[in-house]
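Next up is a structure, given as structure tokens.
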Amino acid sequence: MATLATLATVREFLATAFPQTKAIVEDIGPMAATVRHPVGFDELRPGGTVSGPVLMATADLALYVAILGTIGIVPLTVTTSLNINFLRKPAADRDIIAVCTLLKVGKTLAVGEVALFSEGISHHVAHAVGTYSIPTPAARP
Amino acid sequence: MATLATLATVREFLATAFPQTKAIVEDIGPMAATVRHPVGFDELRPGGTVSGPVLMATADLALYVAILGTIGIVPLTVTTSLNINFLRKPAADRDIIAVCTLLKVGKTLAVGEVALFSEGISHHVAHAVGTYSIPTPAARP
Amino acid sequence: MATLATLATVREFLATAFPQTKAIVEDIGPMAATVRHPVGFDELRPGGTVSGPVLMATADLALYVAILGTIGIVPLTVTTSLNINFLRKPAADRDIIAVCTLLKVGKTLAVGEVALFSEGISHHVAHAVGTYSIPTPAARP
Amino acid sequence: MATLATLATVREFLATAFPQTKAIVEDIGPMAATVRHPVGFDELRPGGTVSGPVLMATADLALYVAILGTIGIVPLTVTTSLNINFLRKPAADRDIIAVCTLLKVGKTLAVGEVALFSEGISHHVAHAVGTYSIPTPAARP
């Protein structure tokens, strides 16, 4: 499946629609995306590690932009479920890198998995699987 | 099972250990907790609804404080998995209320479920199940 | 929400459509169902406990019949996801009882949770959350 | 990580410990395993497709044997959670093939993902992620 939105288009959309997010879309590919979340004070928790919600938010965003890259910019595409396993303590001084691979993009539902890493370290820090609902063309604004 | 940390103790711990969080612990009960997440600009996403990551973070925190209430303040208790289903669009102008009920608190693992609501509306906006790993006494600082 | 299929109707449908299942539908209520799975040689695994797949199958069936009770007999309603946590070792000599509560029944998606017990013992042996896809009336045979 | 139990050893263990299972272990690799589940009358459900519980049981077994291959035969290793997404309707006349890749094998917990296919068809029919608890050496019989 070809991508319908380029990296530049997805980045421009995010800057407008999600001005709050710190995460950076690094790459958009066919049925795939890579997202980086910078790690600083706001992302840390006791024990000197990255908080779980930062990993969840990054996984969720990686799924979202992989889907937008594949189907084009459909803003009302929304998460219906996310399952995440935390596998190893992320490094406190490295960005989080999320690599999403879509498993299915149907007419109304997309499912993908996300491998999360501390940049430069090859073992997963977490692994997520998420489902998005895609609005039918009639339901789009 | 009795609670080992009171509401005041848990709140004091959170204020020190998680100064970033906006969420407020409303109640701690035996095997249970209620958490409120205020909703404002930072919590909204396109379509005028609360972002998924806010719901995930609130569910995660509700589990964490329910466990701390039950076993006492063990800061290195960490999430090992979270599964969340998004059920209805949360209201943009109401706080999120998360009600956690623990299903099991073992020696090394605790599991609980969380019902998430827009304040004052009775239907769930999301439902989560999460697992936390409790460090053995020997592994605590 | 009223039930659209009675206990007798659901049982009759299952006997025809799923002649392989050993499980028995005990009750159908509004947005709810209770299912029993008898436990014998086929259900046990090493260590004298009920196998995980028996618990998963019983949870899945409890969701299915709770949905059929609520929306009527729509056979092509299919599971889209199931998440299960195993909490305690089930007794080898007691039936499994699954109590399903639906969290949402929409036009195309239903979500519910299932508490699983060894009959007569009050602690959960497992807890599941599942999602079913409901075919649109146009897609039904 | 090397495998500690060979394909022959794992098959012999399963034949003794799980005489009920129809599934066949096809391959055991480092942090990986492939399992086949034959599909016949018992595995089908209305609409001419393989039942969800068969896919769940096959995913669960693929995780189990991948872990046994990696850590050696530790029978009391048990599933603590399984999350499965059903992606496409499996073919009624093809065996199910489950390919498991472990993401982490720790001292007390192992996590892996499983891709499920109808034999000879390249798109996933389902995708699962599961967690197993490994008993400490002291807790083994």
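Letters A, B, C and D mark the chains in the order given here, with residues in each chain numbered from 1 onward.
One rule holds for everything that comes next: a residue touches a chain if its C-beta (ideal position, glycine included) is under 8 Å from a C-beta of that chain, and two chains touch if they have at least 3 such contacts.
Since the model is a prediction, treat every value here as computed from it, not as a measurement.
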Chains touching both chain B and chain D: A, C
Any chain that touches chain D and chain C: A, B
Look at all chain centres (mean of CA atoms) and spot the one farthest from the centre of chain B. D
Centre to centre, by mean C-alpha position, how many angstrom separate chain A and chain B? 22
Between the Cα centroids of chain A and chain C the separation in whole angstrom comes to 33
Counting only Cα atoms for the centres, state how far chain B is from chain C in Å. 28
Touching two or more other chains in chain A are residues 80-81, 83, 85, 131
What topology does the chain touch graph have (line, ring, star, complete, other)? complete
Given the complex with chain B, which residues does chain D contribute to the contact? 80-81, 83, 108-109, 131, 133
Could you please specify the touching residues of chain C with respect to chain B in the complex? 83, 85, 87-88, 103-104, 111, 113, 123-124, 127, 129, 131
Name, in rising order, each residue of chain A that touches chain B in their complex. 17-18, 20, 41-42, 45-47, 49, 52-53, 56-57, 60, 75-76, 78-86
